[in-house]
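First comes the structure, then the notes that go with it.
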Amino acid sequence: MSGNSFGRRFVVTTFGESHGPALGVVIDGVPPGLLLDLAALRADLDRRRPGQSTLTTPRTEADAPEVLSGLFEGRTVGTPIAILFRNTDARSESYNQLKDVYRPSHADYTWEARFGWRDWRGGGRASARETVGRVAAGAVARQVLAGAGMEVVGWVQRVADIDAGPVDSERVGREQVEANAVRCPAPEPAARMEAAIRAARAEGDTLGGVVRCVARGVPAGLGGPVFDKLEADLAKAMLSLPAAKGFESGSGYAGTFARGSEHNDPFVPGPGGRPLTSSNRSGGVQGGISNGMPVELSVAFKPVATIFKPQHTVTRTGEPVVLEPKGRHDPCVLPRAVALVEAMTCLVLVDHWLERLTPAPAVCT
Amino acid sequence: MSGNSFGRRFVVTTFGESHGPALGVVIDGVPPGLLLDLAALRADLDRRRPGQSTLTTPRTEADAPEVLSGLFEGRTVGTPIAILFRNTDARSESYNQLKDVYRPSHADYTWEARFGWRDWRGGGRASARETVGRVAAGAVARQVLAGAGMEVVGWVQRVADIDAGPVDSERVGREQVEANAVRCPAPEPAARMEAAIRAARAEGDTLGGVVRCVARGVPAGLGGPVFDKLEADLAKAMLSLPAAKGFESGSGYAGTFARGSEHNDPFVPGPGGRPLTSSNRSGGVQGGISNGMPVELSVAFKPVATIFKPQHTVTRTGEPVVLEPKGRHDPCVLPRAVALVEAMTCLVLVDHWLERLTPAPAVCT
Amino acid sequence: MSGNSFGRRFVVTTFGESHGPALGVVIDGVPPGLLLDLAALRADLDRRRPGQSTLTTPRTEADAPEVLSGLFEGRTVGTPIAILFRNTDARSESYNQLKDVYRPSHADYTWEARFGWRDWRGGGRASARETVGRVAAGAVARQVLAGAGMEVVGWVQRVADIDAGPVDSERVGREQVEANAVRCPAPEPAARMEAAIRAARAEGDTLGGVVRCVARGVPAGLGGPVFDKLEADLAKAMLSLPAAKGFESGSGYAGTFARGSEHNDPFVPGPGGRPLTSSNRSGGVQGGISNGMPVELSVAFKPVATIFKPQHTVTRTGEPVVLEPKGRHDPCVLPRAVALVEAMTCLVLVDHWLERLTPAPAVCT
Amino acid sequence: MSGNSFGRRFVVTTFGESHGPALGVVIDGVPPGLLLDLAALRADLDRRRPGQSTLTTPRTEADAPEVLSGLFEGRTVGTPIAILFRNTDARSESYNQLKDVYRPSHADYTWEARFGWRDWRGGGRASARETVGRVAAGAVARQVLAGAGMEVVGWVQRVADIDAGPVDSERVGREQVEANAVRCPAPEPAARMEAAIRAARAEGDTLGGVVRCVARGVPAGLGGPVFDKLEADLAKAMLSLPAAKGFESGSGYAGTFARGSEHNDPFVPGPGGRPLTSSNRSGGVQGGISNGMPVELSVAFKPVATIFKPQHTVTRTGEPVVLEPKGRHDPCVLPRAVALVEAMTCLVLVDHWLERLTPAPAVCT
């Protein structure tokens, strides 16, 4: 593969540049017979959409999905589902000054190093607009997972140093997350996060933070044995997101301060003879395979690289220069990143779930 | 693929169980013409070897590599290199009691959920013995990378709450890391780490911690554009390691507390007209592609699940039981994990480097 | 992958159904910097287009390509190129009678067996309309190959029992092939083929035949070592085409009648010290790897399954029924199949050529 | 991947050179719980073994399989099965003269063109000894398929111009095939084939021919939709075999002489309401997917390139030279190729069967 596809069974390929004619996604491996809920698809996309609130970039894109294939009489037929998004609010002229200058901590220089040149309009394909196709694919995956009793909920756990505090991962739902523009289910920290984001924007600065996500109803037995551990694929999925710099499964970094006797999750008898664990420091994954408990993870997002302050950098020819930024950007990606983290979680889960469906042809006695 | 292979160009497939006849690895995609340094290969393996010091498991395996293919007159010929390791010190009888009991925070239950049954001797394929093949493959990758001027150095940054403090990632070398059994280049914290590990073992308990790793000499331009970002592949590689629960690239979680104006890495003119950054919070990767600065990462390892204290758990038939552990294990994986983190870093880098070599057939003017 | 992608470096994914909104292709792995000749792309598509001559189906589709991504200032940027084709002349009502009936030697029954149900309009995704994306991708591949001195020419070698006779594979060009509607470079057999196709159509019947194809300028050294032999990938490519039932490399089946002493291709000194062979029964491939001589292959296409005669078949519920066909189809796919065979040849060659570009980092002395 | 692996679900990786320490195979994706019949495995290997009869090469290799992993208590555990074969009768000195000379129609020159140099001892990895791992993997696949009611039988259909005549593909079994050394189930042609092979050997010459193969009990619904058609994967599998130059599915090239009205396979009601076809010119595959009828194919093998007559060729430095061959080779690969064709057929079928097992999570109503 050449880097624009994700998944082994439920294979997602995205295409498109920020200021090109369109972006899109092809989803191969969708099980046949699913009645696709297009309203739910659009609802997922709206959570990622630019211009959705005053906390995000003012670029306005409807991001209306056009489904080009794979549906017949409203249902999936097992063939690739292609979904198209036209770009409508691209303003390339703002980027003219960036043709020959490398923005700090952006992909400008590295894409040139990789490909020899770059589409400098709005970041080209390195723009976070690429993720619209991921969210569309994640929405389809979410609907497949729902049929198997799985549910994925993400939220903003932290913005800069403002933490949401304990969130009940067994119960938190989309309603609570959507109750405010920052997508933090704890109202009081949410208000402070929102204020911090507005303050940073006012100063021309940006903030980072942490998204947490839980998948409930995940059956035991999802995950590859060695390299394709469930956590490994989740980690890859999350670090493939723009601005992501860290990943945790279950107790993550905090768990490294505990002793084994404190950290282990004791098994207890559960319903139907299946074991449960009385704690979930494993984050629902043991030995790389799900154990039936909620799958929990976190993702660290760095502060947005585009700031509205002068910055020192160099030109393509190596001359030092002071960059005065233009363009439209988010002061903090966290509120929109919730949709991305959920989408990638759905993609990984559906991939492993489809893999797991293969039954054992021979039975041990 | 079915989960036992890693990489797209430099493809590593491992096989073998902890108490089976042998473990091994097949490495496909090794460039032809490389004079393989077998002594260096063995040196890398010795750092992972059980029984190497009193801080590790007393299981003694020579882990002497037998190269079965892919070499001719001492050089690689471009065909798969298969390397075999015979198991010699397996004591399966210690595990008899574990046939029908699920060890807490181990893979016993989840492998049964995935595969229907399991090889219960020494953890079967879920044992960390599987990683011997990874280290062998990583050693081959390291030699390929060395020819291109790249060097990978890992170390123990933290054990439980004992931190190594600042380590100069631009200069730290294997000599300093190997100066003590715990593989921490800061002597004083290393001594405390070692004492803590011995104390935990004496109590039948275990510790976790953090490995950091740096790759120097990585040219700008390594990394796939969207899903196969360098950080994404590194994250997957690290979370595929036994006991790994977290990953950071560059500033990682700590970086989320900074503002964009504090976090961005300014570009400055460098030698040969290529830009450098005056800080490296990006950890050498921007937009998923290397920028020519050192690639830096960290991995969180949970405390070892095998403790020498009674634990509550359940049997295969769902009966609660108290488990009295036997077997031989490490009180802390960190010292040996350095070899694993380095190996996986080498595998990811060589994969992306081989991909990058493909030149652009057409030249822009 | 899930069956709708082809290639390892130059990865082509097609989507779309015969009577859905659109068909298309995403091409990942196109080298950056190529000035894409859109007129040449359209010219390749016109050779596959339905309604191009009185020998083909009367369905009229402009098949005008809309390039959605991957180009900047007319050049490839190394990101996926998505190309869209709107369906405009679909007449689904002709297919209403086929909802519950399996057409003999079509994919109706087997797609139901595979996917549980099917889009019965115009064959759904099993329609040969799917190949429009392949030809578009092949056209891009052809332009990449041209930059490396490679050229691919196919022609109709045989229709039913009318053979073109000897064709000079070292010299035959598109001009000769395009000189008649049947795409056979030998004028007199071409005329007889054309008459035979018209006669078959008049009788409501269909014909099969053989396409041959040559790739000139292929450098020595393309091809994988064991499973991914150049011939193996070509064989897969060709048998993935609708109606293809056979493949030959070089002397193919005819060569099996010769003795080794008659069949071997003697090496002779060539220009620049590189060996040539004085015959080319190997078809340019030895041990699965190109040897610098023209790569030659043939593909057998069965007679079109849609005939305009009553046929015995069964319904979805297993009732015997006589099928009276409707719809619009080709009496013989051979003339249009030339474009398909060339496209797939280009895709295989560019994939192996990109793989081959990776140089050996170490040099033997 | 790098060319030494085959399959997507049942992934086979072979390694080893003709005169290296060992050859082997790693099989990933074997369903857990299968009681592996090692005697049947050895029986399959014996059919490929050199030195098995006076019709084959006199090189004597026991090819005794050593299973290194993946079994526990005699059953598969779902982890990779590695199987090792030591080389014991390698006589490298016979090949000394070939270091600097390219054998006509062998892989000597092309491997050098691909890899820069080569292991010249016995053909290195280009030797047909590589296929020992394929046959071992095919034997495992065959046992998985048997559990699902599938059976694969191949035979020699033709040697040079001696054809077996009609063979009843619905009934032919291994017993008839193994009744003579040439593996042709028709006794009288078999005797003539054997005489022809002996005569060719006596003259220092070699013969080619055709293997046919049938898979019975294949359920309807195996095969990918577009690029991964069952016939496409079979074609790739067969053309990846040494000396293979052609492939046919069902009626193949002969079918191109028929009209559609003659070639179509009428559907008739079958047992259990499932349709059968009253003829099988499709060879059990329609639209790339199995239709429940026997899957039938043929493979063309060119005459062996190693002949015992002087041949004109060139040296590595481009000097013309007359080659006087030494070494040990088959005068005709057909008798041993039956085992290879069966093995590759089993590998393709098991791969598609495992893929097919994934049920549709949603049901159409």
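Note that the chains take the letters A, B, C and D in the order they are written out, and that residue 1 is the start of every chain.
Going forward, contacts are C-beta pairs under 8 Å (C-beta built on N, C-alpha and C of every residue); 3 or more make two chains touch, one makes a residue touch a chain.
Computed from a predicted model, the values in this text were never measured in an experiment.
Student: Farthest chain from subunit A, going by mean C-alpha coordinates, please.
Tutor: D
Student: Can you check which chain pair, B-C or A-B, has more C-beta pairs in contact?
Tutor: A-B
Student: Just give me the whole-number Å value for how far the CA centre of subunit B lies from that of subunit D.
Tutor: Roughly 39 Å, centre to centre.
Student: Indicate the whole-number Å distance between the mean C-alpha point of subunit A and the mean C-alpha point of subunit B.
Tutor: 26
Student: If you average the CA atoms of subunit B and of subunit C, how far apart do the two points sit, in angstrom?
Tutor: 45
Student: Can you pull out the residues of subunit D that are in contact with at least two other chains?
Tutor: Within subunit D, residues 1-5, 8-9, 14, 32-33, 75, 78-79, 114-117, 125, 225, 360, 363-364 contact more than one other chain.
Student: Given the complex with subunit B, which residues does subunit A contribute to the contact?
Tutor: So the residues of subunit A in touch with subunit B come to 1-6, 8, 14, 102, 104-111, 113-117, 125-126, 130, 158, 160-161, 200, 204-210, 219-229, 231-240, 242, 244-253, 255-270, 273-275, 277, 281-283, 285-292, 300-307, 309, 311-314, 317-320, 356, 360, 363-364.
Student: For the complex, which residues does subunit C have touching subunit A?
Tutor: Against subunit A, subunit C makes touches at 1-5, 8-11, 13-17, 20-24, 26, 28-29, 32-33, 66-72, 75, 77-82, 84, 114-119, 121, 124-125.
Student: Going by the contact rule set out above, which residues of subunit B touch subunit C in the complex?
Tutor: Spelled out, the residues of subunit B in touch with subunit C are 9, 31-35, 75-76, 78-79, 144, 147-148, 225, 354, 357-364.
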